[in-house]
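First comes the structure, then the notes that go with it.
Letters A, B, C and D mark the chains as written, and numbering starts fresh at 1 in each.
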Amino acid sequence: MPQDLRARVLEQEELGGGCFRMRLDAAPIAREARAGQFVMIGLPDPAETLVRRPFSVARLVPDTGEPEALEIVYKVYGRRTRQMTRFRPGTEVALLGPLGRGFWIPGEAEGTEVLLVAGGIGAAPFPLFLQRAGKDLAGRTTLFLGGGTRDDLLLVDWFRERCGEVVLVTEDGSAGERGLVTGPLAARLDAPPRGERVVLACGPRPMLRAVAELCLARDVPCQLSLEERMACGFGACLGCVVERRHPEGEFDRYVRVCTEGPVFDAREVLP
Amino acid sequence: MPQDLRARVLEQEELGGGCFRMRLDAAPIAREARAGQFVMIGLPDPAETLVRRPFSVARLVPDTGEPEALEIVYKVYGRRTRQMTRFRPGTEVALLGPLGRGFWIPGEAEGTEVLLVAGGIGAAPFPLFLQRAGKDLAGRTTLFLGGGTRDDLLLVDWFRERCGEVVLVTEDGSAGERGLVTGPLAARLDAPPRGERVVLACGPRPMLRAVAELCLARDVPCQLSLEERMACGFGACLGCVVERRHPEGEFDRYVRVCTEGPVFDAREVLP
Amino acid sequence: MSPIRMQVKVGRGLVLRNPVLTASGTFGYGLEFEPFCDLAALGGIVVKGISPRPRAGNPPPRLVETPCGMLNAIGLQNVGVERFRTEKLPLLREHGATVVVNVYGHEVADYVAVVRALEEETGIAAFELNLSCPNVKEGGLEIGRSPRAIREVTAAVREVTSRPLWVKLTPAVTDIVETAEAAVSGGADALSLINTFPGMVVDVETRRPVLHRGTGGLSGPAIRPLAVALVHRVARAVDVPVIGIGGITSVRDVVEFLLVGATAVQVGTANFHDPALAARLVRELDAWCEARGVADVRELVGALEENR
Amino acid sequence: MSPIRMQVKVGRGLVLRNPVLTASGTFGYGLEFEPFCDLAALGGIVVKGISPRPRAGNPPPRLVETPCGMLNAIGLQNVGVERFRTEKLPLLREHGATVVVNVYGHEVADYVAVVRALEEETGIAAFELNLSCPNVKEGGLEIGRSPRAIREVTAAVREVTSRPLWVKLTPAVTDIVETAEAAVSGGADALSLINTFPGMVVDVETRRPVLHRGTGGLSGPAIRPLAVALVHRVARAVDVPVIGIGGITSVRDVVEFLLVGATAVQVGTANFHDPALAARLVRELDAWCEARGVADVRELVGALEENR
């Protein structure tokens, strides 16, 4: 059940690569949030930020136990994200969440191997995934973390501590393998599987398309976290739709990212 | 010659009665500013504060010697002044000034007695008047400082240190005389004059009208600092006009507050 | 709620419990807001435009924020009148909401079909004809810009319903009094104004319109001064109640529309930012009146004093 | 300035050194900006509307800020054509400014009179007929909303000048292509769009309009998406150059108007906020082109790619 809160900014940190980490005093949302879910952020007066913006719940604070705060990790693109960088500790924001359908593990069964695929700021939902996963599942998880250059790779040390394996990939080769994240992912998918596998991906559209193709071609279950422009985040404006792969009828061509997603089975939607 | 600068906020202090003091790192403007002149303040991006707002240059810092910064004193009325309260030290503002025609002392001659009349936030231009006046003139100056209640009387201690005499008046009697500032002013004007006199007034319209009447009836020179909504502050938009008392022709009915004022001879305009 | 009377009448005897409604397309079918907002506390809920058959709507992107506004080109995605009747309306009735059904069609027969299909249902307070949507190819603006077509559609619907009939006008005309009078002469009991203005935003790097459809409808505080001016003109020119819409985000804005002559208002885009806003505005309007000794909210309607 | 070609042609052989002009009424007579801005660096300066005789303008308040916009009701206060000719024009010539004279009147004869009085002067690049001012009782919108009147005024002025003739249109019409075509058929060499939209703001405590006149014209970023959509429509419909106006504050906005088909742009309200803006936009447009390999700014004009 989403909560509509006033939350205070607790801290902000610049992470490099134009990205920031913002901590928010929003325990009621933090307690409920599942990996892949998101929050809508604006200022309290709608006249100042008419259209709120969606951000993945990235991480809970503290790391274990009852959450007291949540963090988002965001990249500066335009007016709103630039404005967010100016929020000092103490700034009050209007926060709605947790929203949408997050990632799910089809067979939580022993041994399912989880392959996380993140492009740039697409790493945002995965810290929470690892926090919620528990030691065992986290140990069976590999994170493929890609970006243009080394500065685009977020929270690398944090991920290394908590994730079975972390594979770094950069287009310019400044960290990890040179190339696209789909390179090592394809190699892994083509290696003999140890057991059940599932791919969870978040990142730019072209990356998601490539990941979906790799997985669909190999019949590996794959979940994609999609983005679309949103006005409400709770299913009312019909602004955030994406196309279904197989519409049920002429009038069911679209699904809402905020409500039916943002995480979809790759077989459901056209990313 | 007005300067169009980027200036940093150096400090902000809440003065009570919904008023704030903001110090700005704007030495080039501070050096030129004369009492009664003003600055236009906005954020650097016109898209964020399409219409800048005018504020009197209230005080220079340091108190004597070459000015390094200037201060404005402002009262929160609406959206922009509320937004200004959020500017933290370090915030960059777009500052244009000094603008307009300030107060002038007709006979700077020995002995001219200056009567300052301030209603509420109308006290804003007078610290600079006293700073620019020099000891002698300041000693011959009386400030009539009026407001609704004691919290509306700004910078009382500062004025007491620098001004020959300070007369406080409040409508509720919580400080000084009970009543309107025009009460003690009329009494003073009706007392036998010690020499030349001049009245300089700044405050709400009804106060200015009353002060003008008192002075015109007694033939005492009187200057009024007027306010009108402004878009530019430098004479281009023609938004800030007030009516002349004696237009020269049918087409000279209005004068611009930002350029011909904000300080006018009471005989010139209809406040 | 204080003893201040908040009720308003908006034509054909319809009494709303207060003048704050939510605008079509910005409040879903009401149910999306149920977690945040007591639906029964609102003056009314105008549901998303309903067409005879379900509509898929336009391809994304459908939205883009603009300075103090938003462009949308949803394209009237909706479940169609049949699913509205069987799936949505019963739930709205359960919640005690005052429901106004916004009706959309390509041609006269479509408007008539939707109203006819709902005429026998209980729990509908009024119909609002959307003759002003800028985001679809046919109907919408074509009808909404022609006084003759407005009168024709209104009169045709008038024949098949005994319920209050509101007509929602586009601001994108040379003389809105003409279109308003056309609706009244066709039998409208009240006028809702305004719908959105046609607008466009371009992504200068890709050199394409941001919205897939190219243009969309501008809503939000950016258009409020325009809406206020249009309501002011129309309220003085026609005898039926006017419902003010456009950029409302605060109780000040609600009062502004009432003063220029609106009998009620609809809150639109701001619902997305703050799903509890409309219900809060009801309470704040009450408190605003209380603080100023306004005994009946209807005292505010048209109480503007002209300068000079 | 880099070797990138910044020149544009806006009708009847007029070549502007770059496509960034300043809009009438927002740049005074240019001279107010001289301390902040090199007047000769601009594509052109459209001066405040000039009428046959001086005008006092409307009583204050004349201005009010709105969400991301501003309402003004200046009422065309101006020094009149004679004082403009003798006092302002010579100074503008001295500064090397490209001067466009915005002309305003109550009736056809007024427009003709102003243009005739200036026709023999040197240092005027073009005339712009303001057929779209919402802030005066006569003329202005009455003419600007009627295609017939637009054609008539344009044709009458066409007869008395051999200079490039621009016609400035109001956005407050049902079909702007109709008014645009009327101006072209009357002999306009270029179209300037848009002027402001009629709007109103009320002080809810005093229950009076904030502007003394009641309504004013809305300008600023709030209206930019509307202006962009209108320029896009008109540029595809007419054969003469279109000059885009409305809410420009940044180089992104300049490029947006060019892409939808404007040959040049005018910066308006934002000049008040930042008196050095227009000259800076000239440099930034040059740098924007440079960074993206655009060899000639004219490549951008109408280069929008439609979706689908």
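Definition applied: contacts are C-beta pairs under 8 Å (C-beta built on N, C-alpha and C of every residue); 3 or more make two chains touch, one makes a residue touch a chain.
Just so it is clear, the model here is predicted, and its values are computed rather than measured.
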By count of C-beta pairs in contact, the leading pair of chains: C-D
Reference chain A; chain at largest CA-centroid distance: B
Inter-centroid spacing, chain C versus chain A (mean Cα positions, whole Å): 36
CA centroid of chain A to CA centroid of chain D, Å: 47
Shared-contact residues (touching 2 or more other chains) in chain B: 47
Multi-chain contact sites of chain D, meaning residues that touch two or more partners: 67-69, 220-221
Chain A residues within the chain C interface of the complex: 1-2, 4, 42, 45-47, 49-52, 79-80, 94, 96, 228-232, 234-243, 250-254
Interfacial residue positions of chain C with respect to chain A in the complex: 25-28, 32-33, 35-36, 48, 53-57, 59-65, 68-70, 72, 74, 77, 80, 220-221, 249-250, 269-277
Complex contact set, residues of chain D against chain C: 66-69, 71, 145, 172-175, 197-202, 204, 206-209, 211-215, 218, 220-226, 228-229, 232, 247, 252, 255-256, 259-260, 303-308
